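In the part that follows, the structures are each spelled out as structure tokens.
In what follows, chain A forms one complex with chain B and a second complex with chain C.
Let's look at the complex of A and B:
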């Protein structure tokens, strides 16, 4: 069961690189702390899931790298290749020169349609290499222009081209105070569009990860690399093969498909069904014991409400709107997005 | 990777431009040890095979052969450009990139804009096209000029118009040196206001610069050095005013120190577009984030540090000092008071060994003392570029869209009105073909409207914020 990863924009590509790094070092590591047979089974399953064998023996990540400017992709490709343990397919990337200028409309309405064919071709190629395609995992930030705008467009294309596949979007929630001034607009536009095509959104908030680095890991001068490594570690521990509680001896369950059973602790759901526990005897990445919790709860209600609030505030003054209308996103489009998200907020609030 | 073209117009424009190219070469030489023509270099330089003469083909990869600036040098007098061509930078410029005349513009905007504009239009367009053709992906034009004279002001804004017509998709960033109150050119208010209208209508971003500020920075550095407080422990090539280590080995001219500051501004502005970093900030992002309404595109810039001491390991406290300095008036390139006015948006472009946690810590620390407009309370745009400037381990460029530019514009308007009411020197302008009274009235009207827009925003300062009511959903 294989997963094809699509890394979008600077953030998507930087994180994607750390994820594959983490997965690879986990597989290559000898700290399995379990039986050899167990280890082998894990090893094979993980490799199958994320990597493709090549004649050279170096595993090739099942990934497509997309960015509208070349610097990050070229860095990512070369860092991976230098590791010696794994690499990206040197053909599986698409980039342009100008970037998206932090403009969601530019990513979605201009770059999207213009480069749809080229990007989907690369995705198709990766999908065909899989014996059994589990689904797609896209990594993007919401604050910028490429990951957010082009990411939303590509997700739509994935849905159209692979109507029955599972699509999981990994979305990076920006810091509350400024990385990008128009980040709230970009976030609102991204989320409302992803809701139409994605099966699930897995969220990491920069502020939260930053706190983990500062308080739990005691890192003094936190860099984006530190942040990305924490994220990669969390993703890795969620995606790694695990046995389900219901037994079964292989690592063949579709890791993405499990998100179809959301864990909602509400009155109308049986607590037994609410919690899915997966176990594996094999240790992950040098941690003897680790647990990862993925939940669907009201946890994100506050941040979502905050972003929508700030975006609405800015929208009321019409600030920056001319930057979006010049690329085809009109005020009505903004209003539709606000409506969608207010509905989501309302649904979560009423739980 | 994208390319940018610099169009330097007039005496001031060319002198600043000259310093820019010199320091740019110095910066790339410090980073590019192997002499390979890379993408970073290509943003401002072509690599030309000059073995077969000046008209050799461009080389896109491999060793550096001969670097040519992506520039257009325009002046209606020959003095400055000739000096550049005889100086150490002569090989950096292609003779086909120059447009000169002999008589100058007589400090008259109308002569620059209407007479020379008309006369040289085709020539300018042709040369711009040529420069654009050499670019794989042209992203931005940088115009450097002064506002108070005739050529930089008049012809410079004519070129700005031309750029919008001929290359509408390419960004137009203008570095404008504004005249001071004691400017010895009597008609500088006319020239400046006439030029302002063009900047309002056709520029994407304007970085206004005032000589007074540059002068104060130069003085401050001299004082520090002479007072022996720094003495020999200052790294001379780190001075924001210095040409040390660059091609210019001749005696420094009086304006060189001041012009170097502006050159450093441009280098820092474009650093993230040229070099890698963990959070890139390209030129189109600057425009996107800092311009909430089309005409409010005037950005106050401040640069730090102004110099580095020889000790390289800078503890965190010093790093924080850098951020504080960026918000102090001593480091600004125009005379204004952003702290007591309203921020519409602010960008911090950091270079060197600075990480996201340092950025966040300092933003949290400085935020409470700054006033941000109600609809953009967290209006910060940040960029991290790994490559520091020459002589420094890190640096910071702060760009603010702040209503503090309003007093500068009001003063300009007042000086204009003083002359205009008496119709002083007006005949010099009106006698030029194409100039009418309406040019003046439209220009002052445009400036007044701009001032009004800033005033309206200022009026919201301190007013308790009432958030607009959110959409209500029927469940």
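Let's look at the complex of A and C:
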């Protein structure tokens, strides 16, 4: 089963690179703390999932890189190639000469349609290389310009072109005190559009990761590289295959004591349905023991409500709306987006 | 042969496995349409009924082409099998049906709709994974067929099947394949033998039926009122069985009446329209309207056109330039796309109806704005 990754914008490309790095170093590591046979089976499964075999022997990431300016993409491509352990396909990227001015509407309504064919051709090529296409994994920031607007558009195109495929969007939740003044508008627009086309949204909040770096890892000068590596680490541990002891991939349902507490779950779902545990005997990244938890919960309710509230206040006074209307995003579209998110908030509030 | 002492073919002690087996046989027969009450009223301990079973078996033999189906089932697999189904769904979707069900439901077994949505999502995910696996299988099959084309003795087909390709890779498996082929040949020979003797079997069955008819006349007085009773254990699997025939009759009557009405309406409307148009000069718009009407009519005609052998069953996938005795994948795809389009239309219609109902309800409520999804 293979997954095609679409890295969108500066954020998406930088994180994507770290993710493939983490995955590759995990696969290539020999200290799996398990039998050789187990290690090989893990190796094959993960390799097929994220990488493609090429004649040179160096695994090629199943990825398409998209950005409006060439700088980040060329950096990403060269860093990967320099590692010697893996690389990107040198053809599988799309970029333009100039940026999109950090404007969501520009990315969604202008650049998106203009470059749709070129981008989708690259995706189609990657998809065809897969024997069994498991789905798409997109990485982007929620509040930025290119990654967000173009990313929302590309996700829609993916859904149209692959109606039966699974699409997982990884979104980076902006810092609460972010630098982009219209970041709340962008967030609202991105989320509501992704909600229509995507199957699942996996969120990493910048503020939370920052805290991890500062408090848990005691990093003094936190760079984007540190943040990205933490994110990649978490993603890697979730994405690596989980086997049953008998080799081959399978899932085991293993109720762990405290997670069976019914008060953790909604009234309409019993704990056995709501909680699934996957085990693997093969250690991830040389950790003797590690665990990752992915949950669909009310955790994001407060941050979401806060963003929607702030965006609405700005919208009520029509601040900065012209930036969007001049590229075709009308006030009605904004209203639709607010409505969609209010429904999401209400669904989660009334869990 | 006077039906006196029935031979006891089954153990006299009843055990749960036997009871389940008997119930299974009865419901399977019912499912295929065998509703002879004498069989369904047989005791659950298996103490009687060998003649009824014989009748039921003969019925299956004839009705289901049982032997032919078994032969098909036991064919040696080529590995290129794919299943096709372009049949219409047989589920009734009438409004009254659902209303009845809702009334019977009651408040005890209410399920949270969110749980259903969650299950629906899971189901869809499983279906998508299955779909991806099917696509992978087709891709790999295509590779095999492409790589081996031109190598086969059969010049028309040209390429190897999966089984044949596997044999090339692992020649030591020829023994097993040979055994399977031998067994299939034996079954075919047995079938041919049966075909020659078949008339004798049916002559015998006729005598059995004659005997039963004679007995039936003697004890007609006992069962004056022969009713088609619905057996409780069975209705859970086909509650609509009884309604179906009545509904079908009603439907065909309604369709005939509707067809007549529509025909009249069309004549009237066309006459009125041509009157109007012949005065004004809207030739371009008139043409457009004409085209869209023709398109809609074409869509409608495909609804009541007799379903020409809906493709159904297992078939073998091959790369073939010439049309052998089969249908092409493009045909099937086109059929399925048409069905998809019509189901999509139906979905849109139902959604629109729901929206309208919601709006009506919302209008009755004060201070409520309804924003439909």
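The criterion applied here is as follows: the second predicted complex is superposed on the first by the 330 of 351 C-alpha atoms of A that agree within 3 Å, B and C clash if a C-alpha of one lies under 4 Å from a C-alpha of the other, contacts with A are read in each partner's own complex, and residues count from 1 in each chain.
In this section, a contact is a pair of C-beta atoms (placed from the backbone, for glycine too) under 8 Å apart; a residue touches a chain by one contact, two chains touch by 3 or more.
Since the structure is predicted, the reported quantities are computational estimates derived from the model, not experimental observations.
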Fit or clash - chain C, chain B, common chain A: fit
Which of chain B and chain C A:177 touches, first, second, both or neither: first
Contacts of A:114 with chain B and chain C, given as first, second, both or neither: neither
First, second, both or neither for A:339, with chain B first and chain C second: both
First (chain B), second (chain C), both or neither touched by A:131: second
Contacts of A:98 with chain B and chain C, given as first, second, both or neither: first
When both partners are placed on the shared chain, which of chain B and chain C touches more of chain A: B
Following superposition on chain A: angle at chain A, chain B versus chain C, Cα, nearest 10°: 140
Partner chain(s) touched by A:165 [first = chain B, second = chain C, both, neither]: second
Partner chain(s) touched by A:310 [first = chain B, second = chain C, both, neither]: first
Which of chain B and chain C A:322 touches, first, second, both or neither: first
Per-pair minimum CA distance [chain C against chain B, superposed on A] in Å: 6
Chain A positions touched by chain B in one structure and by chain C in the second: 339, 343
Residues of chain B touching chain A in the complex: 1-2, 39, 136-137, 139, 276, 278-280, 282, 284-285, 287-294, 316, 344-345, 355-358, 360, 363-364, 367, 374-382, 384, 467-468, 470-473, 475
Chain A-facing residues of chain C, complex: 111-112, 114-115, 118, 125, 128, 131-133, 135-136, 139-140, 371, 373
Touch list for chain A against partner chain B, complex: 10, 14, 69-72, 75, 97-103, 145, 175-182, 210, 213-214, 219-225, 227, 308-310, 312-314, 316-320, 322-323, 338-339, 342-343, 346-347, 350
Touching residues (chain side chain A, partner chain C) in the complex: 1, 131-134, 164-166, 199, 266-269, 273, 339, 343
